[in-house]
Structure formats: structure tokens, C-alpha cells
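Multiple structures are listed underneath, in C-alpha cells.
Here come two complexes built around subunit A, the first alongside subunit B, the second alongside subunit C.
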Partner chain A sequence: MSTADTAAERLLERASDVIRRLLDHPLLWLAPALLALAVFQLYPMAEAILMSLTNESLIRPSFEFVGLEQYVRLASDPQFWEMIRITAIYAFFSVVLHVLLGLVLALAIDYGVRRGLRGHLTTRVSVLLAWIVPGIIIGLVWKVMLVESQFGAVNHFLGVLGIGPVPFRSDPTLALISTIIAGTWRGTAFTMIMIYGGLQRVPQRLYEAARVDGAGRWDRFRHVTLPQLKPVLFITTVLVTIYALNTFDLIFALTGGGPGRATQVLALFMYQEAFQDYALGRGAAIAVVMLVANLLLTGVYLYAFDVGDEI
Partner chain B sequence: MTERKGSLTRRKALLAGGAVIAGGLGGCADTGEQAETSEYGESDPMVTHERFGKGATSLTYQTSTFYTPIESESDQPAAAPALKTQHEEWAENHPDYRIEVEYPAFGEWKNNLLTSAAAGNASDGSTLDSKWVADFYEYLQPMNDYVTDIDDFFPFVRETAMRDGDLLAAWKYTGCRCLYYRQDILDTYNDGDPPTTWEELLTVGQDIVENEDMDAYMFQSSTALANLPYFWSSGGTLIDDEGAPVLDRSENRQALVAALGFIQDLVDTGVTPQRVASIEEVEALPREGRAGNLAMFVGNNDQIERNLKNPIEQADDIPDDRWQRWKVAKIPRPTDGEHTTGVGGWTEGTFIEGDSGEAAAMKEFIAKFVEPEAMGRYCEAAALLPTRESVFNDSDLYDPDTPYQDRFREFLQDGVARPARPIYSTIESEYVVAIENVVTGQSDPESAADAMIANVNEEYEAS
Partner chain C sequence: MSGDTDRNGEPDVTATGRPDGGLTDVGRVTNRESATAGPTVLDRVRTELAELTVLDLAVYALYVTAIAFFVFPVLWVASASLRPAGELFSYPFRLVPGEVSLSAYRQVFRAGMVSWLFNSTLVTIFGVSSILAVSVPAAYAFSRFEFTGRRGLLGVVLLFQMISPVIIIVPLYTVMSSLGLLRTRAGLILLYVGIQTPFSIWLLKGYFDTIPRELDYAARIDGCNRLQTLRHVLLRPVAPGIAVVAIFNTVLTWSEFVLAFTVLGSESRLHTISIGIYKFQGQYGNDWRAIAAASVIGMLPLVVVFLGLQRYFVKGLVEGSLKGQ
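For the complex of A and B:
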């Protein structure tokens, strides 16, 4: 074998070694996702953070860096704290109702499937239909249903029963409850499908072992189902919390934040600042606050669910 | 479009990038180099839904389907022929140009246009709501050399559409708010006369509520302009000559408290139901009126035709002349106050700089909307009110058969336009919040007024 052949073989071997190492390295496979993440997520996020440090406005050609002024202004604005309160109420009840109703529905469907009962597929599809409709449409549909006169379907029906008219949208408390119910009606399908998926992963032998040990239905649910569902419940709760904290479309269409500011959540406030008052800097500051709130709550859930090793 | 002065900044680059992406996604990107000769022949119509004129040089223009010159595409078909005539006249006088027309979705129109204008990418011309004009001051180009007899416009037009002597928008029509009332009901409860003062309205309203199965008086709580007459009639002023909010001045705060106090009285006495806080659509009140649920409401002048006369005449089970029991009057005022009404309407503006070539062609296109003949023709067909006094005075130019035009003309004399300053959008939203807080009992008039004043001042200082 000539020296040239040996060199070529060595070169080929080295090249294939480099290619193999590259293919074995996770970076190559992660690169497309990382690139998309950087372009479509991290860059806009960095822009938003930078913008929140300015007084940028759409109706003024120039702007300046103002440091943390937008955040200081928010912190000293009583309206902002009132919106934090409303957002917290909305998010808390939304998350609780989403998870509880999702769990109940998933258990019911799971029970139906195991018992071979009819109608479980229709139930799943019906519930999912609400989820695939855009939030703005859901908001408009509920708005029409809740009109406070004979033209509103719900009040018309209540009127037949001699009740009402109920001020679903003009009473501050009822307006907030209406938004929570409409949001839950829409989003429960998501939690149901997540939890139902989780239920399929619970090994049957665990239930059989529990039965052998004399565990009743409640004990099996508490000591087998719930612990097995913990990772799914964690992910579901995190996602539903993010969804609830960032809800904009449904509330915008249903109440527009009113009456007054009774249903004005942070996402709506951000829209108003950025796209009605054209104060991009202040709108970006609210967006950053929402980002921090989402991250903090995710941290809290991670600690509370204690699922660090399981996800 | 001619190039504008100013250096490229990070913001401009981002905005331009965004606009290009948005344009690309929307399939609106430029399709290639400009043709030297026109691609349209003799057989092509001069004016279509998407194009006005047949010239080789194209200009861009955004408007609403309300203002298309093609009847079958129009949301206001009766007015389309008037616009067609107007655009054909322009096209014949400008054979080298054509206008490519876009009809943006209403909800995104203003924001997208503002973003494009900030990036120097706005369309060459656009229709603009009169309340948008102040937000576009930085970008709109003067029209003084193209619009004749500027002094002929009603004063509110000059105050709003002009800045530092420059006419920045061609205000093509206006509208005003007024009191709609059921004549048959007021025949019974107020000797046939509409209430002129707040006290009278409260008294008549309570009589109606007690004796009739209907609500007495409603208004759109979510629309500031429908409710600002209460404030203006109480002697209030929103903004000073420098554009600064002056609500914290004693007389203005007092007027604000009086207006909100009146609204509270309406709800407390049952004259107005609390559910006005959920009324958003402009059609909701005449709908209640047609159903026999409402005796009086504050509405726009064009609603007599659009929401009362036409639907009633089209309904099979109601006598055609039933709409005639609806009459119009001035919005009630405080006993010691003056009548006022809020005036709005739509304008046309151009973003193209210069006075020759494309810029001149676009400015002449825009100016045509406010030529007396074109304005009279359009307003007459669309049942809208002209913004030029001479058009109102000349029955050859404007002689509509729409009901109550003489009354509306009278109301316009008390017309007050929204202040043409950027802070107005904050005032508007805060006023709506204050009204809704009072209506729903979340605040009393004093604290609602103080909260509104504090928020407006804070927004102004921060901007």
C-alpha cells in the first residue's frame, strides 16, 4: 500500500470520525430547535426587556433609555396592584376549576372506557370542540349569551323561569365570575385530555395490588392514582397557570376589562398601554412583569409538586 | 413613495422589518418593478374595488369597505355611486397615475398604519377616523395648497385637523349625537316635549319607568363621545391650548363631578338601568327602542335612517311609518348649562411628502373628498352631514331626503369635537372607566373624578 493511499485512508477515517462525533453530539440535533427558539422566543424577549427600559412610544419619533423608571411607575400605581389582584383571582379560580373539572371529566371518561360504556368518544369530542375554537370567538359567543335583556339567551331562559335579568356583565363581581366560567368552559378540555393521557399510564397492577391490600375506591384514588398523576398534574397546572395569567382574547371580547376595571387583567392592561396609549416602553414593562410572575409560579409549583426528578 | 429625512435607527429597522414580514405574510408585498406603460386598456373600467385610475404609476391607499366606489362591495351601497363619480373625475384628470386600494381589517387598521408610518412605510394615503388624526400628526402631510377655502369648514374641523396652520386631514363628513325619543310616550308624560334639562329628564324618566313596562333613558357607557356633552354642558374643558390636560382645575373638576353625579342620579332613580354598563354596540339602543323596551336614548344622527327607519320599513309585521314616532332633540343639559353635542366623522390624509408628481396626484385625490360638490354629493347619498358650511347652505349641492337633517344642522352649531391631542385617548378611556365605576356603584362621582384626573395627569407626565 502506498504512502498516498494510507494518507487518504487516514483522512477519510478522520473525516468519518468527525462526522460520527458530530452526529453523536446532541448539539447538532438541537440546533434547529435552538435556532427557532433564539429567533422567535429569546430575541423578542430580549427586545421586550430592552424596550421596557425606554420611554418608547409609537406616536413620538425618538425615545430615551430611562432605566427602571417604567417599573417604578408601575409599582407606585394603585391601579396596577388592583389589576394584580384581579389577575390573581382570575388565575387562581381558573387553575383550580380547570384542574378539578379536567380531573373529574378524565376520571369519568376513563371509567366509561374501562367499563365499555357508550358515548365516551362523543363526550371527548364535544369537550374538545370548545378548546379548538379561538378565545375571541368564545368571548363573543358568551357575550351574546349573557346580554342583559330579552335578547340574551341565558337571561331569556331565566326570564321564562321568572328569574332575572341577571347583570352578568354589568355587575363587577358577576362580570369576573362570568369571565372565569367562560375561560374554564373553554380550557377544561385541555386539562381533561392531559389527565386522561396520564391515567392511561397508570399500571393496572398497582390497582390490583391495592385491591389485594384491601384499599377502597377513595384509597386507591388517593394512594395510587394521584401519586401516579403527579408529573402530569404538574405540567398541566403550569400550563393552565400560564394560560390563565396571559388570558387576553377571551376577556377582551367578553367584557373588555369592564365594567370600569372590574375584569382588567394584566394582559389587557398591557394591550391598553401598548396599543391604545401607544406607550411601548410601559407595555413592555408589564410584559416583563408577567414573564417574571409566570417563572416564579413555575418555580413554586416545581417545589410544591416535588417532581424535579420525574420530568 | 418619496424618501423622508432622518437616519435609520434600530427602532426604524425593526419596524421596517416587521412591516415587510407582515406585508409578505399578507401577500401585500410589492410585486416587482414599476411598469413604464399602463397595463390597462380601453376596455378596463376606470374605477374598480381595488384600483382607481389606469395610469402606469401606482400609488397606495387604505380605506374601509364603507368607502368603496363599487356598490356590490360596499357596506354603504347608496353612497358608492357618488364616490365612483368622484374617483372617475380624479382618474380622468390624472391619466398617468392609478391608486391601488387596500381594505385593512378594521381592528388592526390604525395600529398597523401607525407602525408603518413610524417606519416611513405608510401607504401614500389613507382614510382616518377623526379621532385618530392627533396620533398621526407627526406623519401627515399638509394639504393647504390643495384644499380650497379652509375657512368654510366648521370651526371644530379647523381646530382638530389643523396644526400650526397646516391642514393635515381632509374631514369629509361629520355626525353628531342627539337625544332620540318616542313622541307617543312623551305626549303622555311631558306634554309632547322632549326633556331639555337633566332635572326634566329625571322627572319624566321616573314617570315613564313607574307607568310603562320599559326603560326610560339609556346611553352607550363605553363611548366617551356620547357622554362628553354632559361634561361640556357643565362648563368643563378637557385640554388647554398647549395640549395639557386641565381636568384638575377647579371648574373642570366640578364639571366632571356634575356629569358623573347626573349619571349616578339616572341609575339611582331607575331612569337608566345599571345594564348600560354592558352596552357596547351602537346598534344596541335602537334595537331596544324598536322592541318597545326603551323610551329615550342618546344616539348618532345617522341612526334614524340606518337603525330605525330602514329596519322598521323592512319588517313585515310592523307598519312602515312606525319609525316616525321616533323624534330627535338636543341632549339634555344642566339647568344653568349650554347645549352641546359631540361631533365625529371620518377624514382623509396623505403621508407622501412634496408637491409634485406622485405627491401632488395623491394630495389632489385626497382634496377631492372635501370639494363642495363631491362632499355634498356623498353626504346626501350617505345621509351624513357635511363639514363645510357652504355645502349645508346650498341646496343644489346638498338636499337630502333623510329625516331630521334640519335638526341635525341645528345641533351641529353646538358641536364640540374631540380634542386633537394624543392625551385624548387616555382621557377617553378613563372617562369610560369613571362612568362605568359610577353606574355599577364601584365609585361615587367625587372619587371616580379624582381617580380619572390622577390617571390622566400621570399618563401625560409620563409621555
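For the complex of A and C:
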């Protein structure tokens, strides 16, 4: 009995020793995460790059490698440049509105907290509320808001004023403006919180020093707050630009890229090429273009951290 | 809420550290504590009104505008969803409908809302637990091990965090079918693990880094191996971080559309809420009441969760994005 026991004990000890040694190596801890990343991020990305070098299609069974042909065709396609233009307009105005609105709200909430004004919490919660609504539903909420009949809130009130109905989603320019507003409605929470966080890190002694020097409120904002916020503003801008460039669900639900192709940003263009025109290779080439844009902006983001460290 | 109470907990700093406008309106009572100590409510209101500056009023106006802009669309949609069939919004405008009807909701439930809710709940619960199960150990490793290539690997993780998942939708169909995961909930859940792990690791590592290593050493001396140390010693102090990551991933997983659409879109019995609602609105084109009702049901669970836990969102947003190496 005792020999069997000690054998079992020894086995157990050996096992726990092996476990301990395994646990002392980082690989075991990292393996599941790295595996998930490799299979569900790296593999699809590699697949996208490979696909972009073929003429693969959803309706043809076979395909061959065509080298860089997809890219060459893309570059000579006026439609592609039109999408780039629309994406740039969408991203530019979204980012400007996000940052401006976020900055104003963050300052107002910070001011309210310090002055003990009421309603700063309600304001913050309201802005954040918009941010957690699922993208598809945001598209639909704004679709309902902008319906071109009395059912749409905006046209309802314009009607009261004797204006309209305004074709928010069927006029190309207005449709693009509508997507920008809906996007800003969702994303401002992010910039507001980031900038508010930045405001909390501004050393109070700087304000005191400025006040001693006789600086008024505007001067203090201009010469203390803004320079101190610069790193945060920069990082926030880069992040919002990345989000804006990759917007999909909201526009997909709000306008579907229309009217015509007036709101077809890159992600929707990619989707349409790949799944509605069945040109997987071409869609993949657009995906790679987006990937490169993402990587470039990430580079800027990392650079921003270095800048932030220096300050 | 307590995000603000934290700040209000230091009234002296607020009152004396940065009396905004201290130069412009000299002699104004800045100490709010003395004002609240006043005898009657009326007095208090009167002093507060007397203290209001032009800037205060401007800020109040901004609050009202912001609340209206951000909350009104949600209220309008909720209001629209409750109106009886055929009723348009009447003049003068009333947000609360005169007659409430649930017919739009009945329509949405008949279209399969229960199944969408079920699928989303399932995907969210298993998705978030899997994300945590994978990213907590990884974050621990990045925080507690010294190994060659650690920084490089962390950089790779950060890189994946920055790249939008939208990019992989073109090859996703092929990838998922080659893995045998197309049209399966498990496939979508695993995909979410791959997509959302980087952000989770990044955030959790920050929490692990704040815990003193002395705790690890003490546990070690007591004979704990690393897993026991993590479970019995580190898990409790890191719990707030786990909560933040869980909440964040709940919102993302519940809301996610484009990946779910690609993986499950062709299998209607597996549709999640976002897919279901998208398809629903495609079918019911101009039935705005029905679309409004579907939207309300789709956002309600998140809104409830969020209103209870919003201060953790704030933490997660800031900490997830503003962390240098």
C-alpha cells in the first residue's frame, strides 16, 4: 500500500513540477491570445493581400494571379478616386466636428464641475448614451430623424417653420452632410472624454501662475490650456481619423452609400465591389489600400506618444 | 456618477485652487460649501442665482443644447415606435403620444426579435467570457514576465488594436469557411476573441502594472505557483480592470454588425440583433414605426447596462487609448 502511495505521490509531484515550470514560461500564458490573433487577424490580412493579387470572383470558380493588375486598374478608375474624395470629405468634416464639439463639451463640463453648476453629469451621460447605441441602429435612428415626411423629426420642425420637406437622404450633398452629422452624434463622446481626461492632467499651478501674471480667462485658455492639451488633442485627432476612415455600419444603414454613390466611403466601396459586384480580388485590393492607410495613421499615433513623452 | 462625486469630494481645491473668473468678478462668494450651509432652500436658490455669471449662463445653454442634440433622437424614435398605425406626429408637437400602441412592437417580435435577442445574448456572454479568458493571462504575462521580444510583441498587439476589423471582411468568408466556422456562432465568438483581444490585453496590462510586485513575491514564498498567485492574489486588485474590459466588450460584441453579417448573414436562424434589425428594415422599407420599434429594442439592453455603469466606460475610454508604453 505504501509503495503504491509513494509512487502516486511522486508522480503527482513530478506533474506539479512540470506544471510549475510550464507556468514559469510566458509562452503558455500568451499562447491563446497569440493564436487568436494569428488565426483571426493575421491570416485574414495575409489572405486579403494574396487575394488582391488575383482576379478571384464570387461567380467564377477558378482564378489566377494577376500581379498588381487590380491596383493598376484601381488607380486608373475614376470611381475609385471619387470614393477617395468622398471618404476624405467625410473624414475631414467628421474629425473637425468631433474635435471641436468634444473640446467645447469637455471645457463646459470641466467648468461646470469646478463651478458646481448643475447638469454636467446629465450632459456627459447624454453624450455617452449616443456612443453606445449600435452603429446599425444609429443609422436607423437618423434615418427616422431625417425621413422626408412629417414622420422625420427634422422635417417635422422645419414644416412647423414653413420650410421643406428637405430631401436629407436623396440629395447627394445633403446625404453626405447627414452621414457626417450622424457620425458626429455617435463619436463626440469619445473626443469629449479624451479631452476631459486631458484637462484633468493640466497642472493647476500653471493656472495660478498665469493668474498672478494677470492673464484673463481667454489668455489662460490660449496660453495654458491649449498648449497643455496639445498631445491629447493630437492623439485624439489621429484616433478619430482612423475611426472615420473605417466607418461602415452607420452609413450602411443610413444611406447604403446612396443616393447613387454620393456617400460611398471606402469601406462601403470595398463591400460593394466584393459582395455586390462579386469582384473579390478588386475588393481585396481596396482592403489593402485601407490597411495601408490604417498603418500609416498608426505610425502617426505612435509618433504622437513620443511627442507626448517629450512634453 | 461617482466620477463626479470624486471631484466634488475636494471642494476646497475647487473653490480656492482655481476660482474661475476670480479676477473678473472680485468679491464674489466662491465657496460653495458656505452657500449650501445656508438655512432655507429659497435662500440657497437666491444666492445661487445671484452668483450666476454670463459664462455660467452660456455653459447652461450649452448643456441644454447638448442634451437635446444627443438625447432627442433617441426619444423621438421611442415616441415614434409607440404611435398607433397611421398616426403622424401632430401639430403642435407632442413627444408623448396621445394614444399608445404596441402594434409596432408586435410586428417586430413576429419578425423574429426573440431569436435575435437570444443569439446576441449568447454571442455576447460567450464572447466576453472567452475574450477575458484569453486576455487576462496574456496581460499578466506582459506585465509580469521579462522575456526577449516582449516590447516588440506588445507593439504588435497595439498595432492590431489600431487596425479596423472592417478590412478583413473581404477575405473573411473564405477564411471562415476554410476553418469550417462559417455560419456558426462559435466561429463568430472566436472571431471576436481575435478582434477584441488586443484592446483588452492593453487595458488589463495597465491594471496589472499598478499592482506592486511584492504581492507576487509574498505569494511565491507561501508556495503558490503563478496560476495560484494570479487566482488568489492578483485577481482581486485587478477586478476593476476586468470589469471595465467586460463592459467594453459587451457593448462592442452586442453592437457589432459587419463581421456578424459576413459570418452569419446567410443563416437567418443565427441572426444577431444588428443583422436582424438591418434585414428587417430592408423588408419593411418605409414602415418607420416598425423600424423605430426595432431600434428601441436593439438599444434598450445596452442603454440600461450603460446607465448603471457609465463611469466605467469613461475609465475604459481614457485608459485604453492614452496609455504610452
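By our rule, the second predicted complex is superposed on the first by the 251 of 311 C-alpha atoms of A that agree within 3 Å, B and C clash if a C-alpha of one lies under 4 Å from a C-alpha of the other, contacts with A are read in each partner's own complex, and residues count from 1 in each chain.
Going forward, contacts are C-beta pairs under 8 Å (C-beta built on N, C-alpha and C of every residue); 3 or more make two chains touch, one makes a residue touch a chain.
From a predicted model like this one, the values you see are computed outputs, not experimental measurements.
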Q. So, A:Leu30: does it touch subunit B (first), subunit C (second), both, or neither?
A. second
Q: Determine, under the contact definition given at the top, whether A:Tyr303 touches first (subunit B), second (subunit C), both, or neither.
A: neither
Q. Can A:Phe65 be said to touch subunit B (first), subunit C (second), both, or neither?
A. neither
Q | First (subunit B), second (subunit C), both or neither touched by A:Asp277 | A | first
Q: May I ask you to decide whether A:Ser57 touches subunit B, subunit C, both, or neither, giving the answer as first, second, both or neither?
A: first
(Q) A:Gln150 in the overlay: touching subunit B, subunit C, both, or neither? Say first, second, both or neither. (A) both
Q) Now for A:Trp81: first (subunit B), second (subunit C), both, or neither, which partner does it touch? A) neither
Q) Thinking of the overlay built on chain A, is A:Pro172 touched by subunit B (first), by subunit C (second), by both, or by neither? A) first
Q: Mind working out whether A:Phe92 is in touch with subunit B, subunit C, both or neither, as first, second, both or neither?
A: neither
Q. According to the contact criterion defined above, which of subunit B and subunit C contacts more residues of subunit A?
A. C
Q: Could you list which residues of subunit A make contact with subunit B in one structure and with subunit C in the other?
A: 47, 147, 149-151
Q.
Show me the residue ranges of subunit A that touch subunit C in the complex, using the header's touch definition.
A. 16, 19-20, 23-24, 26, 29-30, 32-34, 36-37, 39-41, 43-45, 47-48, 51, 104-105, 108, 111-117, 119-130, 132-137, 140-145, 147, 149-151, 153, 156-157, 160, 185, 188-190, 193-194, 197, 204, 207-208, 211, 214, 216-217, 232, 235-236, 239, 242-243, 245-246, 248-249, 252-253, 267, 270-271, 274, 280, 283-284, 286-287, 290-291, 294-295, 297-298, 301-302, 305, 308-309
Q: Please name which positions on subunit B make contact with subunit A in the complex.
A: 6, 11, 14, 111, 114-115, 118, 135, 137-138, 221-222, 274-278, 280, 287-288, 291, 293, 422, 425-426, 429, 432-434, 436-437, 439-440, 442-443, 455, 458-459, 462-463
Q) Which part of subunit C faces subunit A closely enough to touch in the complex? A) 1, 4, 7-8, 13-14, 17-18, 20-24, 32, 55-56, 59-60, 62-64, 66-67, 69-74, 76-77, 80, 88-89, 91-93, 133-135, 137-138, 140-142, 145, 147, 150, 153, 156-160, 162-164, 166-172, 174-175, 179, 190-191, 193-195, 197-198, 201, 225-227, 251, 254-258, 273-274, 277-278, 281, 288, 291-292, 294-295, 298-299, 302-303, 306-307, 310, 313-314, 317-318, 321-322, 324-325
Q: Provide the residue numbers of subunit A that touch subunit B in the complex, in ascending order.
A: 47, 55-61, 63, 73, 77, 79, 147-151, 165, 167-172, 256, 258-262, 272, 275-279, 282
